[in-house]
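Both complexes shown next keep chain A, but they swap its partner, so chain B is in the first and chain C is in the second.
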Partner chain A sequence: MSCDLRAKERSGIINPIFTCQPCGAQYVSIGIKDCIAIVHGGQGCVMFVRMLFAQHFKDNFDIASSSLHEDSAVFGATGRVETAVDVLLARYPHVRVIPIITTCSTEIIGDDIEGVINKLNNGLLKEKYAGREVHLVPVHTPSFKGSMISGYDVAVESLVKAFAEQTTPNGKINLITGWVNPGDVTALKHLLAMMQIDATVLFEIESFDSPLMPDKSGVSHGETTVEDLKDTANAVGTIALNRYEGGKAAKYLEKKFKVPSVIGPSPIGIRNTDTFLKQLQTMSGKPIPEALVKERGIAIDAITDLAHMFFADKRVAIFGAPDLVISLAEFCIDMEMKPVLLLLGDDNSGYKKDDRIKALQANVDWDMEIIMNADLWELDDRIKNKGLKLDLIMGHSKGRWAAIDNHIPMVRVGFPTYDRAGLYRHPVVGYAGAIWLAEEIANTLFTDMEYKRNKEWLLNVW
Partner chain B sequence: MITLSSVTQNSMQSPPRFLFQDLFDDTACSHIGSKDKKTTCERLQPGSCVSGCALEGAFNFLSPIQGCAHLIHSSPTCYNASRIQKKDGTEHFCTTLALNDLIFGAEEKLKMQISHIAKTYRPRVIFIYMTCVSSLIGEDIERIAKSMQQELGIWIVPVMSAGFLGVANFGVRIAGMALLKTLIGLKEPLIDTAYAINLWGYGLSETQRMSYRILFERVGMRILAFFGGDEAVEAIMGAHKAKLNVLINAKSLTPVARKFEERYGVAYVETSFFGARATCDALRVIAEQFNDGAVCRKIENMIHEKTKALQETCKAFHTLFSGKKVAILLNGLFSWAYIPLLEDFGMHVVAISIENLNEDDKEKAVDLLLGKGRFMYDPNVEFEEIVNEEPIDIVITDTDHCAIASRAHIPFFNIDRCSNPFFIGFEGEAAFATELSLTLQNPVFNIVYQNPPWQE
Partner chain C sequence: MPYHEFECSTCIPERKSHAVLKGEEDDLTTCLPEGHLATIPGTISERGCAYCGAKHVIGTPMKDAIHMSHGPVGCTYDTWQTKRYISDNDNFQLKYTHATDMKETHVVFGGMDLLKKNMIEAFKAHPEINRMTVYQTCASALIGDDMEAMAREVMKELPGTDIFVCNAPGFGGPSQSGGHHKINISWINEKVGTVEPKITSDYVINYVGDYNIQGDCEVMCDFFKRMGIQVLSTFTGNGSYDELRGMHRAHLNVLECARSAEYICNELRVKYGIPRLDIDGFGFGPLSESLMKVARFFGLEDRAQAIIDEEVARWKPELDWYKKRLTGVKVCLWPGGSKLWHWANAIHEEMGVEVVSLYTKFGHQGDMEKGIARAEVGTLAIDDPNELEGLEAMRMMKPDVIFTGVRPGEVAKKQRIQYLNAHAYHNGPYKGFEGWVRFARDIYNAHYSPIHQLSGIDISKDDFNIDKGFMTRQMISDVKLTPEEAHVEGETPYTGEFDCVTPLRTKTYPSELTRSTTAQAV
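The block that comes next holds the complex of A and B.
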């Protein structure tokens, strides 16, 4: 009867859950309109990440590399950044924003990115591209610190820092979504529209799910503009849905521009969505319309149809991004499931102080483990060698082998989910997300019942 | 099967140190050693949206080898992302360097990991990969590998594949060189080596490897070791007894093959088996090397028999494909190899991506196309221009690039994700034609790439 929060004891990693910091920064960069990031490092730092994006969205995104070579490693590589910016601007006439994302190698060499940007601003941009609006933004994401989650956090903060400037109040709300899918953004914007709230969504990635239009338009790229980013300083308030993905930027805006901020919880499940709507209500002063109460009712109806009959006492393991994992655990508890193992892929000193984890520790009445800095071997090892019994695994596609090898049903959530079709289209946030999650979990369990011939007759009479 | 105990300490002599010079000490590529270009082929310009690094190449070349552990000395991404291409969920390892390791050195961490892997998993060989980070902080993994090898009695192979050294192509070369310096020649093969050959390939799927095996078995040759394939470590150790090295679309491995020749006197041939024409050529080149009546007869018989059969099966495809315009949008290292295959069906190759090819392969592509066609360095940008100028009927593509094709409203055939990708030899040509015709005739392309009826 305990909930144990601790770091993994073994050194080294076997099958990591997360990718490193530049990956998060690159995810942020593709959310901005007319923006192509330059990753200052080896080519692999871009290629692997682009490959992940291409697998997840089945669509590809432009990210450039400064293609570091061994001579640069010896003599410094700032020259390659200069060439890269030049080549990029010449090739892509629409580019306005170029975040320069550092990697482990260039951070170790100690390339002075701010210096190069200064030099470029005064030299190349003035001479060769005079009259063209180009913003170069330094993003420091060495991969020996943190993970892709902290990389996302750092990049949002860097971009907001670079652009935000106070002019006239605009009465909008900043909504920092954190690392979500296009489907989530659609669901969040739906909630905002129902409450008639004007908001700046960071980042507007709905268009990652791009249509094939007759006129061949429709490139998958984010829609957040430079103006949106500048305007963040003039908002009524900031809501950062995920504490570890965008929380830093919200705090920065509060400190620098006195924009009040609310951080978390991620609106996954009924309770958290209720909290989110109440936050919106307090911040904007607008009422929550009856239509949303109806939507909430539909979601609750969908869940109650399933909860005690199929979900009760099911033992779940969840891995992935900290905010997602914790919120999913809360959602599972609401449905009488028992999350027995939570794996957080990185080691953040903030986890120990997190209220949500503290609440879990106070309320859980079964044995539950929360492992920080975990890898997928922690999950595999527990199932194979330590006798952990699981009824369900929730997490992203990299953990699929733990599910396949051990014959445990798995629900794919998070990033990346490349082994199921179109998951980026479905939300996990809001009431729509609660319905999708509950039904996805139920259907996965149903398929498993049929496959294993385990009380599959139950569904005859359900 | 080798167990830890059967490995005697005497056989564990440490390999010679890795010298960067070895990789360029070669005359196989006409651009290497020429005065004006210093030592390498043309390198990628910064600022383009490009493909993988040396680590990717090295890891993908070595990872199919059976019974080995792979330890990547880096932060998690280098490894995390490179393993997505792996077929199964086998565990591989990463040291996960953190800030303190960079300051104080990560030798202890690496040693701990090696002994943990050796004791828990008992692999026959542990490959340790150098990455950008570990090479910049100056980790001497060769020395560590040497000392751990003596301590644990297990082969430990350092692979000096720092990502900034070059593209994936170069990583393959580094990995090949590492094998040549360490494992090859350690054991005598147990099988008869009269007609034994080694195959060297890169990025081959299991079905592809299988069809190579079948092809060579049929002409009475024995594959001693399949580099870049799912070969047992023992086979690789005995590879020096082969009579011939056959490089399959593996330009990057020619320096390795040359070193192999210098050291063990095994000649090498460069071949391609994409399509019937290339296969015939390749088989004849191999027959020439053996200079053996029996082998020649078998090969000629097979070519005769297969070509006849193929003509029958492919008749229908010729009419369907002839005159069609095709573009090749492949990230891979042998995009040029598809040209003869496509031209055999009477298709015209209008554009080809050459972003990852070295100079000799680029020339090969130019030669094959007789100077016609467009060559793309950055398909993200250039492909759209080409499509605007010239209508294209179908695009051969991979996962990285298929979105470009679909955006341009052209039927595309994704080589990576096709259900049965064994386009090798004679059967391969028929299989390729079948897949291509299925794409070309797929009714979905009629719907999606046409305007809605009310807009016509």
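The block that comes next holds the complex of A and C.
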């Protein structure tokens, strides 16, 4: 009985769990109001990320490219950033924030982004756009470092750094959600409202789920403002729900402006949600209200109907964003399941030092593997060739074939989940998320039992 | 030139020559936008990169090869599971993708060892596959890794394997089109002629420029096989790596998408003297004419005619059912490249829809020439459209349905305009006679969707009816038809199956058709 933590042995990637850093930065950019990012690189770095967002949300998000062509690769491409900023500002009068997101190509050719921003600030913006508030923010996300997860982390930090400004204490809590869905933000804001806590939410993305309106006015875009970002320096504290997606910004605010921070755990499952509420209570001094005891009770009631009858000892593999994977594993264990394989899809050296992983290593009483720098072949190969037995896979849509080909039921969770309808609308965080996850797991297992004729008669009486 | 200047683009005057509004007197000499020029940064263009043109569009549909990109993981991830190019070997090419996962240390010290290790690992992971295509990315191009050298080393170390290298980094040209060109030329230079194919028919073709989207290619090959023609290779939909190495033994190259694959046909003509015949699998008329063209080359007109007669008899009444109901429906034909002219006239003639706008993301002027030649007066044609121009065009042209990609389709949705996926199709295949009916069915289902009707109602302001619990599509579409028009003996909506492709895979074809002596007997 052991929990084995190690890195994938192969050097390459067969079926990646993550895409590269610029995607994470682009995800952050769409959460900001009046913001269109320019990705400085080849056009594919934007076109495909926009397509990925469109696949996941079934909606469109605007992100621009500096459209690197051959000549730029040879002679440098800062000129294309200058043109891009000008064209974007001229045609989008509402734009106030332009993150300039680098990629592998423009980091390798060594374009001086800070230099060109300086030049634009002192030239174009003063001359052609005098009187207009425009913020150009450098975001360095070379694709050959980290992953979309670290790209998200870097971008939140870059934006907070660019804007945070100490003025007067605002009495608010900064809530840095990490890479979540609109449904998660709704659930988190509900918990804040129940606690009567005023918070600055990075990022306000509920509006990603936008309506199709008779007057055609529906637009999917985040609503965190420049003012919100500025005000982060004046909060009573920061709670970053995900260590690897927003943790850097929380630490920055603590170091620079003495805003105390709590980092993680992601409030997935009953126990982690309890922890989150306790953190809110400690930071705000406000009590956890009776109404939340009731909400928690409803979740526990629902899970009690499922856990020891259907979930106990079910073997689960989980892949995706590290905070999500770890928290899901913790929740699964609380629901009597056995996570036997966790796949963390990049080479972040921090995983080894993560207390949550250490706790798994110290306490898990069955055989469990945690693979760092993993790809989806680590899952597929174990099932196909190494005899891994699984009852359930949890992860995002890119892993769908591992489930389909091996006839293992799969709960879609994380990003992206384009092969199931509307999942971005449902939370995985909070008590509401705990209910959704537990019931999604149950219904997925039930459907599989019926499809495979595997004791499907159990459900005749339940 | 009747250039159309978009209001949103007056501040970028160089855009003006990229759109035209076709007038009464216009022909190609007076009405043609510029094309295939460098993209203006910051316009929010819809273009992709040359890497995706090579790897994603043309390379990956090859069904029996490991597909690997040498670079950071993103290029691979981003171009994986975004297409519907299926295959008859359980979709290996859709399921597996490989990245060498280039990191900072490789950028500094070189990534050739990494590439070699990756190639060996990948062959080990898929022992049943011994063919591989490897693609350069921006990063590996900029650091100058010699990928061919590594491929040669690995082929030597692992006898029986074969590796194809394509150097088409993302920044190579204004759009994905540069990548199409590069992979075409690399394939003919590196791989064609290295395998001697088994010739089993007196009539031998390569079917080129079809990527088997939802089974298009398999549908077309069914027609060829019914004529007794051996399809030596398909470039590259449902294509086999080794079959594509034997392209040089075909008697004829039958070319579908001239935008992405004319280069290899031209080279096959120069190097091996194989003639090129451009065809069109979309639409009853163009497809019938295309099958006859191929037949004429081999003297198989009778067989082609028999197929055409059979197919038309089976499917024409269903197409007519839709045509009646689609007549006058306004559509924007906004695909990536060549579909703008493959579809332009055919959908007007055969489905009755009015094409009010054409655009192309990566097409060249030649594509626009063909598109505009086939377009009606009043059509707005746009090269390399961007987000705001697309919106402005929608407001100006007021289309009912737009044929475009997934993401622009979502933009259209918010404008209360239905969209059909022009790249991956909604419920394809769209090639073939049955496929064309499926296309008409999809347009009909989009346009007459009861939910679409409801989307225009503002319940806070409008006086809306509450007398109905539902509407069928026909309750909406048939309002404008007389009872005599609506009910014609034999005409019905589409009666085919959800999956019309899989049954083709187990179909057998009489071998005697492949010999020219029997041709005379038919």
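The working rule: the second predicted complex is superposed on the first by the 462 of 462 C-alpha atoms of A that agree within 3 Å, B and C clash if a C-alpha of one lies under 4 Å from a C-alpha of the other, contacts with A are read in each partner's own complex, and residues count from 1 in each chain.
Rule of thumb we're sticking to: a contact is a pair of C-beta atoms (placed from the backbone, for glycine too) under 8 Å apart; a residue touches a chain by one contact, two chains touch by 3 or more.
The shown structure was predicted, so the numbers you read here are calculated from the model rather than taken from an experiment.
Look at A:Thr103: by the touch rule set out above, it reaches both chain B and chain C. When the two structures are aligned on the shared chain, A:Ser65 is found in touch with chain B and with chain C. Using the contact criterion defined above for the overlaid structures, shared-chain residue A:Arg50 touches chain B and also reaches chain C.
Once the two complexes are overlaid on the shared chain, A:Ala302 sits clear of chain B and of chain C alike. By the touch criterion defined above, A:Asp381 lies against chain C but remains apart from chain B after alignment on the C-alpha atoms of chain A.
When the two complexes are overlaid on their common chain A, residue A:Val364 makes contact with neither chain B nor chain C.
Shared interface residues of chain A (contacting chain B in one complex, chain C in the other): 10-16, 18-20, 22-23, 36, 38, 41-45, 47-52, 54-55, 58-60, 62-70, 72-73, 80-81, 83-88, 91-92, 103-105, 108-109, 142-145, 147-148, 212, 214, 216, 218-219, 377, 398, 400-401, 405. Residue ranges of chain A in contact with chain C, taken from their complex: 10-16, 18-23, 36, 38, 41-45, 47-55, 58-60, 62-70, 72-73, 80-81, 83-88, 90-92, 103-105, 108-109, 142-145, 147-148, 210, 212-216, 218-219, 347, 377, 381, 397-398, 400-401, 405. Here chain A touches chain B in the complex through residues 10-16, 18-20, 22-23, 36, 38, 41-52, 54-55, 58-60, 62-70, 72-73, 80-81, 83-88, 91-92, 103-105, 108-109, 142-145, 147-148, 212, 214, 216, 218-220, 377, 398, 400-402, 404-405, going by the rule given at the top. Interface of chain C with chain A (complex): residues 8-9, 11-12, 38-52, 68, 71-82, 94-104, 106-107, 114, 117-118, 121-122, 125, 137-139, 141-143, 169-176, 387-388, 405-408, 410-411, 413-416, 455-458, 462. Chain B contributes residues 43-56, 74-82, 84, 88-89, 91-99, 101-102, 109, 112-113, 116, 132-133, 135-137, 162-167, 378, 380-381, 399-401, 403-404, 406-409, 448-452, 455 to its touches with chain A in the complex.
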